[in-house]
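So, here come the structures, one by one.
The same subunit A turns up in both complexes below, where it pairs with subunit B and then with subunit C.
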Partner chain A sequence: MLHPVSQHQPGVLVASVAAQVSLCAPVARLSLRAKGDVTPLTGAFGVSLPSGIGTCAETDRLSAVRLGPDEWLMKAEVDDLPAILSAGERLYDTLPHSLVDVSGREVTLELSGPKVLDLLTLGMARDPEMIPVGDARRLNFDGVTVLLWRKAEDRFEMDIWHSFAPHILSLLKTGVAELAAEV
Partner chain B sequence: MSSYRVAGKGRVDTGKPVDFTFDGKTYQGGVGDTVASALLAHGEHLMGRSFKYHRPRGAVAAGSEEPNALIGTRRGPGRFEPNTRATMQEIWPGLETQSQNKFPSLKFDVGAVNDAAYMMFSAGFYYKTFMWPRSFWDKVYEPFIRQAAGLGVSPTEEDPDHYASRYLHCDVLIVGTGPAGLAAAKVAAQDGLKVVIVDEHSEAGGTLLSEPQAKIDGTPAWDWLSATLAELKATGVKVMTRTTAIGYYHQNFVGLCERVTDHLSALPDDTPRERMWRVRAKRVILAQGALEKPLVFHGNDRPGVMLAGSAQTYLNRFGVLVGKSPAVITSHDSAWFAAFDLADSGAKVQVIADTRAEVDADLIAGAKSRGIPVKLSHTVTATSGRLRVKSVRLNPVDGGSVGAGSNVTCDALLMSGGWTPSLHLFSHTKGSLTWDTDLTTFLPNETPEDCIIAGASRGLWGIEAALKDGVTAGEQTLDALDRAASGTHSYAVENDRAGTGVTHKELLTDKSPGKAKAFVDYQNDVTAKDLRLAVREGMRSIEHVKRYTTNGMATDQGKMSNINGLNIAADALGKPQPKVGLTTFRPPYTPTTFGAFAGYHRGEHFEVTRKTQIDGWARENGAVFEPVGQWSRAWYFPKPGEDMETAVRRECVTTRNSVGIFDASTLGKIEVKGPDAVEFMNRMYTNPWTKLGIGRCRYGLLLGDDGFIRDDGVIGRFGQDLFHVTTTTGGAARVLNMMEDYLQTEWPDLNVWLTSTTENWSTIALNGPNAARLLAPLVEGIDINDEDFQHMSCAEVTVAGMPARLFRLSFTGEIGFEINVPAPMGRQLWEALWAAGQAYDITAYGTETMHVLRAEKGYIIVGQDTDGTVTPQDCGMGWAIGKAKPDFVGKRGLMRPDLVAKGRKHLVGLLTEDDSKLEEGAQIVFDPNQPKPMTMVGHVTSSYQSDAVGQPIALALVAGGHDKMGETVYIPMPDRTIKAKITSTVFLDPENTRLKIAKES
Partner chain C sequence: MLLIHCPYCKETLPESEFTYAGQAHIVRPEMPSEQTDAQWEEFLFLRANPKGPHYERWRHFHGCGRFFNAVRDTVSDKFLTTYPANTPKPDLESLIGDAE
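On to the complex of A and B.
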């Protein structure tokens, strides 16, 4: 029943008094790679590309995270995808870059609740408390590379490639129940 | 109340009775009891049989160091565990336990014949006894040893419990909740510091649980303990009991195993049996205390012979007298206090014998006031009693000579040979040790980890000393964390029992030492005599002595035996102990279940299993799956009644005659984009890319810099600066990493970027003479014919209403397409094609049919027909090399003399003379009549039944094969030798006529 996660209706997948896991609605996802001064892209996308690795920038329609020296990931409203792609295209000759639509690649799970930090400790070797609210980290969760956004003290979003999502969701389900049994 | 339970003593709630069984007999204990304490409360000392001699054994200790009282525990079907320490297992209503290593019963055991024949079973007896005759090893000796040896019985049923794991980050981790650990925790517990303190026992307190007589700053020890625990919890300290720190790894990474449910009568829902905590602590304080040493003398293993400190624990913590008329033999003050506690609780202590000539006058006075006879300068030379000690033989010692023995009747014998600091975790850190001659023990020296060791584990005796050392450890830890300690912490302890003692090798005896059964390692039945024999037979290092005798190699890891073993071996060698060395402590500290190590990774969650979006359809339609790397792929789609061969033949025939549909989503995909994309492709792949037109695709071959084939795939050019690369399923991540590696380290000047799009697309392949006919009506944006969309073309189009990247290519030799749509649309596209295909009798096919169809055309599978030593030329694919290119990865490698030498193994086709199907992996020879061992000249890489060819086909690597077309080779098999003819690898349609789309009339 866990597979494929993308075929579930967005909404709560599993919940307990400890934590809950929801499937987020589909969004446009773009992988941006560029070198040097990327300020021209800021104008094109309407968001100031974050500079510290792991830091994010957000508008009401788009959020971006810097994943590496030349790598950003953006999530945007689905309807905005063509405009973002053509904005990038217009700048390509002056600022060569790679802007790839990866909207079909992954799903996002929202993890929240009073025990959400404990829930994360089931799968990640890094300390979830050390991720500042508003930041994101690409990390290994139960053997799978994911992108984890800390949206609030007790709310995270986890971007997972489709084929790995059932494995992670099964661990999260176990954890949501296990943590509830401790309450 | 059971007859050995003392009213008003201990922490066991006898008002809450708990019934459990041991070897089928029901016993009653109370909440807080262990199996051992509950059995001792009934006067039952006999709890098991030893491993080698099957000698009757009882609990010698009260904690996790217990070597003897190993039991099997059962909680209904599947929940059986052997070798559980009765001293650690808490009882709960309905617990079933059983003794081990006995037949037919614990009290009468046939295997005890080994005991009578003990002279045969001395150190190294396996090596000596079972050497001859050689032929007896497999049939007689090994089965005998395996049957006789082995500790407990392995569980046979699948474990229904589940196991968990978590990571834990903290500022301070304290191991041990004795006085040192608690004092350290009180100092470290500050706002904003995350402090965790753990203990393996069911209750926190450590030695305080056994010493209620002490008063800390005027407060009775147990009141101080509960107040301290409450205070720690109130300040946010995480106090974890039933949690064993099993190992200390690099950079303050400590493994904790928490036993969550083993003490509960009913298993709560959603709760694991055990949880492994992977702790990363900024600072660690080790306060594991010390372990008492047994004395080594003849008969020191009889049930009822017990460590004095453990007897004190049974009395004070569990309210159990281990004997009503115990005798005491000691070389350390601590046993005197144990004797006093037992006497004060109504036991008639028969004697306190001390090996020392002088002891503290207060101790003598304490014995006198209780009417306990005292014998100084005495040794113990024997015990009697079959299943329980009945008497002890004590002899005076004068100037090294042993006088006449006299027997003292007793129902328990308490012994103490002093205390050994627990250095296990400290040693895991690669901490260095120093030998303390006065204490005759190793003490901790330096550790590379951010760790402090405190209290008895660094040789400090007494509660006050431990508390004060804990304070110091806490303060040093705060200092290291740039925190100041708040306030001062000082402790004064009344009724403290800091004592001293001396250390012995085996005790002096007036009997023949060669016949003494003076045990050093109880669990492996190693005696002092065995250790001396090992030295006589040439063992010089303690590591060799250990392996020769198995001393310290049992599941208790020598917690009791290592230091006594060292003292005896050092004496035998005539060297000081540090020159003989100490064996290595290895994790885990105590035996740990496989379940705890596996955690969540069992059953469905054992390992990541990747599935495509079409997996559900395949399951619903009866597919059989095979693992390909992490992926689960549809292997074949049997119809009712079909076996694999029938199904695959049908899938092949239908695809060749009409059309087949195949889920190719697992192929790796990489978007290569940027102004230097074409230059990058030219450098990376063997093929030339500059002239590949937009909207065209080409087969690409990827080599390592050694010139050997690493990967392949069809690559489409979707723009001047944009390539859609496909890789093999298994090679996807590896190829991307290799490309990124080159880009970042060799060619940082190139303006090109790589993005993994493997999971962005669902990829469906259509193949067969009707593929174009099926697909054409569903495609918008391009006409599907040989003029508008010729073979090896690609385009962005709409297929069945979905945005798609469409490739025309063939891995079957038929008209073929690969349709990529955004991954979540994969199943929708599959079902649309499936519905449209019904008019053409479409078949779904799996990886097996894919393999057959490609082999009929001689298309290689990297990793099957190549093995990392195969060049493009070896495969007859020299055509894939852009010879005009200045460079590409592997170009230099291909020029190495070995790679251009004659006679390399070439990929060829094989057709058998008798139409039999060859075995993949079978070896090939040129001359079947040559003497053995024959010269093998290659092997079969792929082999299939082929209806299209009309006989089985095979691909093989054969030395010089390209120059031997039409020649016969031989494949020797166990039953016969098969003749086969070397052919081209292309078995079907060498002119590629089947790729053409016929014009529709």
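On to the complex of A and C.
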């Protein structure tokens, strides 16, 4: 059995002239489900919740993405987690919602480099070029549901549930080496 | 691979992100206890199997997670339209007109 990706130290896991895959440091992750007017939550979290599916909003300590009509995901500094949870709790009476700490659910890999778009095409049927910089998409990557954030033209972050991470990492390692052979 | 338009994400995306979920617009009876066995049989088991446009449910499984409805031609596999769940059946005549 492959050992968990989260056992690695944050940092570069594999690199070549084509692309590089790194493990990101742990962050707080929150799943938010809410319906109707979510403006009060904006005040509570200090970020205006994005409205288009796949669009993101960011402050220097928190980023949020809308994943579905009633679903958002937020990533924040680990230290801020209790404050965010209690800000949500204060609104339960006026705006029923679900805010769940899912920090332990997944790892984030950072993918970057000149051939990062080619690397992504190994696992996804979508054209990665179609994701605007600053957006994120939940999609199917080699059979696994992942959340892919496009942070820059040639830099992505991929959130992967723990049990699928060794499989995805091994595919990416192969890709990083294979693409270097072409350069 | 088919390309399917998700009415919630408002993007046309690869089939591999979606799952099929059977015939659409099957309404659960308001008063289940008043149904006859034959009515239950029809509700649970009997489905249309048309050659041509078919109203069906799909789910954007590896995306927004939502169920939505579609009209797909079972002969050509072409999607005539997709639309959110809980909205009325689109008129078939106008869809076929659009496609031609």
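Simple rule for what comes next: the second predicted complex is superposed on the first by the 181 of 183 C-alpha atoms of A that agree within 3 Å, B and C clash if a C-alpha of one lies under 4 Å from a C-alpha of the other, contacts with A are read in each partner's own complex, and residues count from 1 in each chain.
Note that a contact is a pair of C-beta atoms (placed from the backbone, for glycine too) under 8 Å apart; a residue touches a chain by one contact, two chains touch by 3 or more.
Since this is a predicted model, take the numbers as computed values, not measurements.
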Partner touching more residues of subunit A, whether subunit B or subunit C: B
Quick one: classify A:138 as touching subunit B (first), subunit C (second), both or neither. second
Looking at A:4 after the superposition, I want to know if it touches subunit B, subunit C, both of them or none. Which is it: first, second, both, neither? first
Contacts of A:31 with subunit B and subunit C, given as first, second, both or neither: first
Counting only touches as set out at the top, which of subunit B and subunit C does A:125 meet: first, second, both, neither? both
Touch check for A:164: first (subunit B), second (subunit C), both, or neither? first
Partner chain(s) touched by A:97 [first = subunit B, second = subunit C, both, neither]: first
Across the two complexes, find the residues of subunit A that touch subunit B and also touch subunit C. 125-126
The residues of subunit A that touch subunit C in their complex are 52-54, 67-69, 71, 125-126, 137-140, 145
Over in the complex, which subunit B residues touch subunit A? Could you list them? 162, 164-169, 268-272, 278, 280, 600, 604-605, 607-613, 615-616, 631, 671, 673-675, 751-753, 755-757, 759-762, 821-825, 827
State the interface residues of subunit C toward subunit A in the complex, per the touch definition above. 1, 8-11, 13-17, 61-66
Contact footprint of subunit B on subunit A as seen in their complex: 3-4, 6-7, 26, 31, 33-35, 70, 96-98, 100-106, 118, 121-122, 124-127, 129-130, 142-144, 161-164, 166-167, 170-171, 174, 177-178, 180-182
